[in-house]
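Heads up, there are several structures right after this.
Next come two complexes built around chain A: one with chain B, the other with chain C.
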Partner chain A sequence: MELQVQLLINTLQIGSVYVLFALGLTLIFGVMKIVNFAHGTFFTAAALVVSTVMSVSVETAGLPIWFSYLIAFTLALLIVCMIGFVVYFFGFQYVLKDLNGSFILSIGLLLLLNGTYLILYGGVPRSIPDVVPGNISLFGASLTIQRLLLIIVAAIITIGLYQLVHRTKLGLSLRAVAEDQEAAMLQGIPFRRVAFYGFLIGATLAACAGALMATVTPVTTVIGDDFLVKAFIIIIIGGLGSVLGAILGGLLIALIESFGGYYFDPSTATLAMFVLVVVLLIVRPQGILGHAER
Partner chain B sequence: MSKKKIIGMTGGALLALFSAQTAFADEILKVGISAPMSGAAAAWGLGFEYAAEQAVEKINSEGGIKAGGETYMLELHSYDNKYNAAEGAKTAQTMLNRENINFIVGSIGTAPVKATQALSERKGAILFNTGWGKSIKGPKYPLTFTQMNTPFEILAPFYGYVKEQHPDAKTVAMITPNDATGQELEPVAVDTWADLNVEVITNDKYERGTTEFQSIATKIANSNADIVDFGASPPTDVGSMLKALDVLGWNGIKVVPAGTSAGTLSKMAGAAAEGTYLGASADFTGDSASDVQRELNTGAMEKLGEALNGITISSYDAVMALKKAIETADSVEPKEVAKVIPTIVFESSYGPAAFGGAEVYGNPQQILVPVMITQLRDGKAVEVGRIAPAELKERLK
Partner chain C sequence: MLKGNQGLILCILIAIGAICFALFSGDPYYAQVVIWVFTNAALAVTLRFVLLIGELNIATAAFFGIGAYTTAVASTILGWPFFISLLAAPAIAGLISALFGWITLRTKGPYFLLISFAFTEIVRLIYTRTDALGGNSGMIGMFPPIELDTYFPAIAITILAAILFGLYAVERSNLGRVFKAIQNNEDIPRSVGLNVIGLKILCFVIASTAVGLAGGVHAYTNNVIAPADFTYFVAVLALAYVKIGGEGHIIGPIIGATILTIAGQFLHSFGPYENIFYGAIIIGALLLVPGGIVGLGERIKAGTLIGRAER
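Now for the complex of A and B:
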């Protein structure tokens, strides 16, 4: 029983970051109808900013670690928003609803940004000191306090996003545009502005995931690429454009990774994810909670 | 004298002067490196590049390499292979076809090495590599040479030492990356543990690029193995796994055959890394290190913040071996140079070294240098054992 609880806790640990990351990706697709292969670079940028700012503020300025992290987290979100603004303003706004164009643009951006990060930060992995050190036992399962906080913060952000999408005017606009762009425009909803907000929210979610992840794993300039592959699997399983689908997909993938990795091995678990995607694309191509194309 | 004649004679004189100068100018000999300069294994690639740079600088400052009546100055070209076959193939194309490099003085990662070898053997270029695969060497690949110890040299003395220190250890959990390096290492490791009466109770592989190791750590912790063997895992991954194991309360014997970057390991895992046995690391500050190794290590610490290890220092040794081989062959023709490599004794960072291993690999393509066993103590790799290969002792007699 204790083992099962440990595996479930592992699922939550792994899944919380996957969900945040995938939410941004699915939101961008839902509103803009484009697949952003450069989404992982927002994640990476945030993680790199956190690791850099913290090493300066803790080691050089001698600030308390928790305070340094707050500064680093805020800066990371701001910088990623700026990057998001620039790439949207100079790129993505011209390829809205254009799958081919957005594919080429985002692949190019991915190469450009990854190369830039490598020049700026070098290839060596970085880690930051524990923001909240110590371990905790939860129903017999062990995890670090930091990981528990990561789960809680990720859950709060996810609930916050869900509330934003379902309870606010902006959320209503996002859903309207995702449902039917022309009809939304006829209702007076400014599509381009809503698409821009959607893109920024998506980038911010990736940044949150990256900034949180930097506290528990070594940061490299390609860390976002590893998460991107899983995120695509998640949003395909959950349904492109579906917020709830991304949540369910993220947790499902984490479950496979946790239980599959234990009872079989990590490589088999990875294989199982791809097999699941293939099967789903055959049986239900719109994903668990996605809508079929008319 | 007419104006035309003066201009013509001046031009002729200038041409003669220029030709004379170029006739006495040194030739440039390009040498290449293919290593991970980014990602989890970047510590290996950057140290590798550094050590090669030092060897190139030393040779050039001492007058270059003399062969066939010419003097050659070395020019190092480094490429990031990201520790995967696709990038390895790309860097190989660039080095061999675009840059026309005939001597690759270092390549890290069995997968990228195999991708490079497919081109280098065909082109007729010499490839020094740190690949741990047995299949990389042999009569089919006469231009390929391994520049560091591999599982066939390391594991028996390394595991033997660990078992000596922990005679009660009876079980081991193995985890290694699921790529060519891990796949080549695994059977050798399983057999070597079996020879020591240690049973392999779990044997798993993970994909490079994995960032979440909780499920792996849970499996290892739950197996109650006495020893965990991290196989060919790079230091960043080992650090993450050790941290995860520490959270679960596992506190057994930690063994990393490809264990190298003690600094990175300690940084990632903190106290959880203490006591880890490393099979490819080195203590180049200790008494058993040579002056060359101490100097190289100090420079690497200053420039990279990371000590050198068995993998990274091997590029220095490869460049030195290449120099001796070219001078012995009196030629820069790779096939001629490759013929003499097994016959030379050259000055490596360890002291006199050679190439051998014909009994194991079918061809003498394996560098013969000591196996160093280290243990992480207070965040540093401390040498606890050094075994010189018997074949090298014979050659040096």
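Now for the complex of A and C:
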């Protein structure tokens, strides 16, 4: 029993980061109809900023750790938004709805940004100090308070995004553009501006995931790339462009990874995900919650 | 550009020249570079071949790897003779691609792109976790037989050139026209009674078989293969060759592969700057020279070089 609870908590912890990452990817796909292979670089950038700022403010300036983390988190979001702004204006706005073009552009960005990170940051993994030290036990399973906070913050962001997409005017235009861009434009929705907002929100979600992940794992310049393959599997399972699909898919993949990785081994778990995708493609090619291609 | 027989004859002459160069140059390094150019050209052309039906096929990298590993297993573990282990590569790659295509080609666009990406990474994961395939360090010891050793570069280039000409022939045939029709609007070929899914699978299997053969040649050329040689990045570079050369004509990817492979030989010493350079080239080519070098040639002819090309 304790073991299962422990594995479930692990599922939630991995899953919350997967969900944030996949949500950004699926949102960008929904409004721009492109697959952003450079999504991991937003994640990495945030983690790198957090680790750099923390080491400066804690070790040099001597500020308290929780305060430094708040500053680092905010700075990470700002910097990723700036990167997102630059790559959108100099690149992505020319490849809206162009699958092959956007693939090439985002791969080029991936190379360019990862190379830049390596030069600026160096190849050595670095860890940040515990923001909130201590352990608690839940139903017999123990976990650090830090990881519990990670799950809670990720859940709040996810719920916030869900509300944004389903309750606000911006969310309505995001959904309208995702469903049928031309009909949305006929209703007076400025497609390009909405696409830009969608892209920035997606980048910010990846940045949140990266900044949170930096608290529980050592930071390297390729930290975001590991998430990419799994995020793709998640959004295929959930259906491209579906917010709820990304949430459910993220939790499902985390469940397989956590339980499969314990009872068998991690590579069997990854293979199981792939088999799941293959079966799903045969039965329901548009994903669990996706719409059929028009 | 290069549409008539003159262009074809020129290409045949270049291929014969490359084979003669490999036979008589005497410098193994230059012969190796020529083989790399042809291998990369084969990768780019097979990637473009699936683009004919409108799908971006990252699994090109996976089938390149499957071909290389098949040849490696056949020649080192099973001890099969040279030509048979070489031919096992396209056979196995073709079989697996038929199964993979049958499952995945019902989807299209982004779904196919993502699933082929995931497939490539997972096949690579299988190599690293299988001890019989050498795990992370890969396999060594694929040597052509001693008596063929001096001729091997020439044989390799002949096979790779045959792949290029073969795919060109298919593209120019009626079958190739049907593939392009599927890209334009697949409902129209379907409306005249063609089995569109079957044709898509056929196109995919032809490309994968060809790239599997190139993988087999790669195993014998390199003598050493490792999982890290077959990441999705192989397909990304192939796509860069296609984009820089231009995808309008089959000669485009070949030009792109030649230029970037030779440029890459000078860039190996730059470390992390190498990736930045490739990234910048890819972005620059996409945004500034849409249509690639072939497209550039056509625009000079048409007198529309100044100003953005239509997208």
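In the analysis below, the second predicted complex is superposed on the first by the 294 of 294 C-alpha atoms of A that agree within 3 Å, B and C clash if a C-alpha of one lies under 4 Å from a C-alpha of the other, contacts with A are read in each partner's own complex, and residues count from 1 in each chain.
Rule of thumb we're sticking to: contacts are C-beta pairs under 8 Å (C-beta built on N, C-alpha and C of every residue); 3 or more make two chains touch, one makes a residue touch a chain.
Remember, predicted model here, so these are calculated numbers, not experimental data.
Within the superposed three-chain model, A:G91 lies in touch with chain C and out of touch with chain B [touch as defined at top]. Touch criterion met: A:I119 reaches chain C, while chain B stays clear of it.
By the document's definition of touching, both partners, chain B and chain C, reach A:T270. With both structures placed on the common chain, the touch criterion links A:L281 to chain C but leaves chain B unconnected. Using the contact criterion defined above for the overlaid structures, shared-chain residue A:A183 touches neither chain B nor chain C, since it reaches no partner. In the superposition on chain A, A:I104 makes contact with chain C only, not with chain B. In the superposition on chain A, contact is made by A:N10 with chain B only, not with chain C. In the superposition on chain A, A:I223 makes contact with chain B only, while chain C stays out of contact range. Touched by chain B in one complex and by chain C in the other are residues 118, 267, 270 of chain A. Within the complex formed with chain C, the residues of chain A that make contact are 29, 33, 35, 90-91, 94-95, 98-101, 103-105, 107-116, 118-119, 229, 232-233, 235-236, 240, 267, 270-271, 274, 277-278, 281-282, 285-287, 293.
Within the complex formed with chain B, the residues of chain A that make contact are 3, 6-7, 10, 13-14, 118, 122-125, 127, 135, 142-144, 213, 217-218, 220-223, 225-227, 257-262, 265-267, 269-270. Residues 36-40, 42-43, 45-46, 80, 82, 178, 204-207, 209-212, 214-216, 218-219, 222, 236, 239-240, 247-249, 264, 267-268, 304, 306 of chain B are the ones that touch chain A when the two sit in their complex.
The touching residues of chain C, when paired with chain A in their complex, are 51, 56, 103-104, 106-111, 113-115, 117-119, 121-122, 125-126, 129, 236, 239-240, 243, 272-276, 278-283, 286-287, 311.
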